[in-house]
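What follows are several structures.
Common to both upcoming complexes is subunit A, partnered first by subunit B, then by subunit C.
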Partner chain A sequence: MVIVKRKELTLAERLYIPEVLRGLRITLGKMFQPKSTRQYPEEPIPSTEVTRGQPRLAENEDGTLRCVSCGMCEIACPAYAITIDGHEIDRPIEREPERFEIDFLRCILCGFCEEACPKEAIWMSDELELADTTRKGLIYGIEKLKRPASALQKRIDYVKRINDRWRTFSST
Partner chain B sequence: MTVLLATFIKAVVIFGALVSAAGLATLAERKVSAWIQHRLGPNRVGPFGALQPLADGVKFIFKEEFVPEGATRWLFILAPAISAMAAMMSVAVIPFGGLVTEIDGTEIYFSIADLDIGALWVVAIGGLGIYGVILGGWASNSKYSLYGGLRASAQMISYELPLILSILAVVAMSDTLNLREIVNIQTSGTAFGFLPNWNIFYQPLAFVLFVVCTFAETNRHPFDFAECESELVGGFHTEYSSMKFALFFLGEYCAMIVMASLTVTLFLGGFSVPYWEEAPWYLGVAAFVAKTAFFMFLFLWVRWTLPRFRYDQLMNLGWKVFLPLSLLNILLTGLAVSL
Partner chain C sequence: MKITVNGREVEVDPSKPLIAACHDNEVDVPNYCYHPGLTPVGSCRICQVEVQEGERPPRVVAACRTPVSEGMIVDTNSEAAHETRRECLEFLLKDHPLDCPICDKAGECTLQDYTYAEGQSSGQSSEPRQNFEKRKSLGDKIVLDQERCILCSRCVRFFEEVTEKPQLTVAGLGSRSRIETFGDRDLTGNYQGNITDLCPVGALTLKNFRFKARVWNLVKKGSTCGECSRGCSVSVEVLRQGEVKRIRPRYNEQVNRWWICDTGRFSSDRANPEGRVPALLRGYSGLEACEVEDALDSVTSAYRAHDGHLLVVSPWVTVEEGEALLELAASLKTEPIFLSPTPSELKDDLLHTGDPCPNRRGLMDLGFIPKSPEEVRELLSTAETATLFGERIVELIGPEPLDELPTSLRLFLFDVSGIDAPAIAVHCGIASWVERGGTWVNIDGHVGRIQATRPAPAGVRQPLSLIEGLLAAQEAVQ
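Right, the complex of A and B next:
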């Protein structure tokens, strides 16, 4: 059996007023300390290379898509957010999507599409803001999804680094 | 005729100042609470959120007027009016400043009514405010409201006694019930040679009792048992919405301002400027506003510092500590005055 002995209060503590003043001093001090509020739209959330925002399609320097519409991301997507229709073209990669839609009402930003992609064509960008007045408006097509690869470079470098780490540092 | 006109002007000015100060106080409440919690507080409406009370008012007006089923309709509507009216009427005798000017041989003071029973008036009218809370709780036909109203009434009875007894100590010392006279006595001379001649230095116990009782009297933290969000949803104003709720709100802040000014008047020399007896009247008003602002800040400061008492603790404190202490204080004051 455990007997908990209550602390005997001193007279000053039982008078309560000195303790109240002590509490007031603490809250007064808090008033002059720096605020922890972030004024969101004016002070955006800082993005790092680890930030996993909305997926975007990478573009080559000549403005062509890297995507070959293989459908791997479509299969990998657990939320069935991706829809791809492909067609043949004359470029060396032979295929290109003619329709590539991501429904951002379904997308859960898991990054599986990025992992599944064999052509380094789809990447999680650092874009997080998502708002529209219609449901249609949140189904993004190719025009809204494509970004020059340079804009996604930070993420591309990061993913390549962590994907390569076993190859580089493994003892076997 | 001119005297009547002067009274009318004073009434308009003081009433306007009181209501706008109550609006400012709601903004101050939100700002102070934010600062204490490391937040910024409202800052979107106007510069530094200065127009927030206005935005709140507009919001209140556009909310639905709702009377719950089974409520006593006319009492339900009357209650917030009583609550606000009592708070606004008691401001009539508070002296905001000294002698302003003389018209036809009549001295014009900066208070709506220079009553000889000023202290009594504030206590009597301020005590009426509780009817608003009780009736509101009763008329709402809701258990939470009724509990809030009952608690408020019990609390008011327990704390009105020490409040009045601590006022009585000051009255016994000053030998008058006229609030302006009480201030005038504090204006001249010094206490213990170097301090301003304020009653707080002669009546420290009465001052502490009075300040704590004002918290209970205005239903503020840590004694806000009439609201008591965690137990009673919203207490007496659970069922209130729209401007009826706003009126309760306004009444609460007006009562806070009145109680803060009463504290200043009784214990901190009211409109007197320390160490300067012949200060012009407008400086006196400034001094009064500054002192009152400090006590308003104290209301907010304490609210965001202390947790709410338990109800039985409140009753224990009121009847077993405050009442004997205030009676003892009266006894000592009586002895000192008669000797």
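Right, the complex of A and C next:
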């Protein structure tokens, strides 16, 4: 057992008023100093190239998904957040997801899916906000996940640069 | 005969090639064209191992075309063997698309496995790849991707040697060789599906499974096929505890060896019926959902109120369920009858017996009496209550005759899915053959086990527990 001894208050402290005035001085002083807080969400957080937000699916220029539903991210995901069902399509690349769901209640934004993808189809976007009134609404399907590749370009360039660096390191 | 494999002395069967001797002793030797069920042709050359016989210097040979000899010393991992295998892979990968992310074989593809094992993930050649047809339909069941084919000729030999009706051939010469059907005809026969299991790569795929699931997501359990009285050993493969996505053969020396027929294989499509219900009871507005207990109560009170009971069980009930049903028949003072439908025209010389009764032998041995659907209909028209028990019984009697039965008959149906015939007073859903365990005895007396690969839908009970419920109520009365 630990006995905490209460500090004896000095006379000035017991008089109350001087202490209140001291507190007010700090408050008033801070009022005229530059702000260090942000008016979120009106003032959004700027993203940098290393921002690792929620995963999104990249689209090609013609609006088709890059994803071929190979299931690599599904199996890499440590949170079991991804569910994919594929189907056959008529394009030269014969397969596409029919259902691609990420359960954002499970996703821990680890980025393993991005790393696992052999088709450069899933990227960690700079989108971080997540809110809904139902649990179902937080399971995103293809429509909510797809983004033109250009919207993800900053991240794509960054990851490629880092990967290249690792490749040069490991080969020397 | 004794040989030494990787420093270990092992006893081998002299009638089998060296590769089989290695496999029997759990030493992996890569192979594409070799399959234990087909004649070895030695065309892919991936199975090379280093062998030393007597005083002769060691040499690298194709294990699938080399007979074993006394005192042979085999090294499957020598540098020379790996070097030769790598060279073979180089040739196999020259025109191979390596589109594994799209390919259905990924995860169970031996080309993938051995390429990784040899430490290179793609071919080194900078020549442009040759293009072939990527989506060639071979009839209503199978698609051929000629680009992925490594020309092992297993599929060709399957039709030549197993069904003995050649349908495929290697067409073209040299690097333009490819697999084709004779005269571009569609494949026929009830054993086509086997070539998709045989194909070591993703060149032959099933239309009904194509791109539907990644193989590592499938939960696989050993079971027995119920489509005929052969009872082939199969593996039932289920995706996310829900749909059965495919059914594949499981090696069984005595019954089906490596093969199954397409009727059994494509029964996967029938293993996922819609509209499963725990129990339905006839009310004023037709069949209404109710608690299973209430349904059983209604059945047993009808047993008490009426005479002239009839109990007909489906040939799909297991031996265990059959034993319990015998007791029920005894307590109802009625003959135990099982429905024995007329053999279908699917009978052939290979596996299919044409008889759609997976447990005929088991039920006969228990003392059930076989009756044809006509005889059963006859009996139904004179009974006061009739209990139809077991999977597929509606289908095997025929939905129309059941529909025509008079409402004076109280019909109790225990089947996976039912119909809305006016005579049906109670319908209890039961777990299907992919949701319950048990034993079937095949036509030659081999015991086949079925295993639950997925849970039954919520509330749907195991047949055995329903029979026990009925028996308990019967005993309480007596």
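We adopt the following convention: the second predicted complex is superposed on the first by the 135 of 172 C-alpha atoms of A that agree within 3 Å, B and C clash if a C-alpha of one lies under 4 Å from a C-alpha of the other, contacts with A are read in each partner's own complex, and residues count from 1 in each chain.
Heads up, the rule we're going with is that contacts are C-beta pairs under 8 Å (C-beta built on N, C-alpha and C of every residue); 3 or more make two chains touch, one makes a residue touch a chain.
As the structure is a prediction and not an experimental result, all values here were calculated from the model.
Taking the superposition as given, does A:86 touch the first partner, subunit B, the second, subunit C, both, or neither?
second
Who touches more of subunit A, subunit B or subunit C?
Partner with more touched residues of subunit A: C.
Look at A:39 in the shared chain and tell me whether it touches subunit B only, subunit C only, both, or neither; answer first, second, both or neither.
Only subunit B is touched by A:39; subunit C is not.
Looking at the overlay, does A:4 come into contact with subunit B only (first), subunit C only (second), both, or neither?
A:4 contacts neither subunit B nor subunit C.
Of the partners subunit B and subunit C, which touch A:72 in the superposed model: first, second, both, neither?
second
Quick one: classify A:24 as touching subunit B (first), subunit C (second), both or neither.
A:24 contacts subunit B only, not subunit C.
Please write out, lowest number first, the residues of subunit A touched by both subunit B and subunit C across the two complexes.
Dual-contact residues (subunit A): none.
In their complex, what parts of subunit C are in touch with subunit A?
100-102, 106, 134-135, 210-214, 216-217, 240
How about subunit B: which of its residues touch subunit A in the complex?
Those in contact with subunit A are residues 32, 35-40, 208, 301-302, 304-306.
Please give the residue numbers of subunit A that touch subunit C in the complex, ascending.
For subunit A paired with subunit C, touching residues are 68-72, 74-75, 83-88, 92-95, 118-119.
Which subunit A residues qualify as touching subunit B in the complex?
Listed in rising order, the residues are 17, 20, 23-24, 26-28, 30-31, 33-37, 39.
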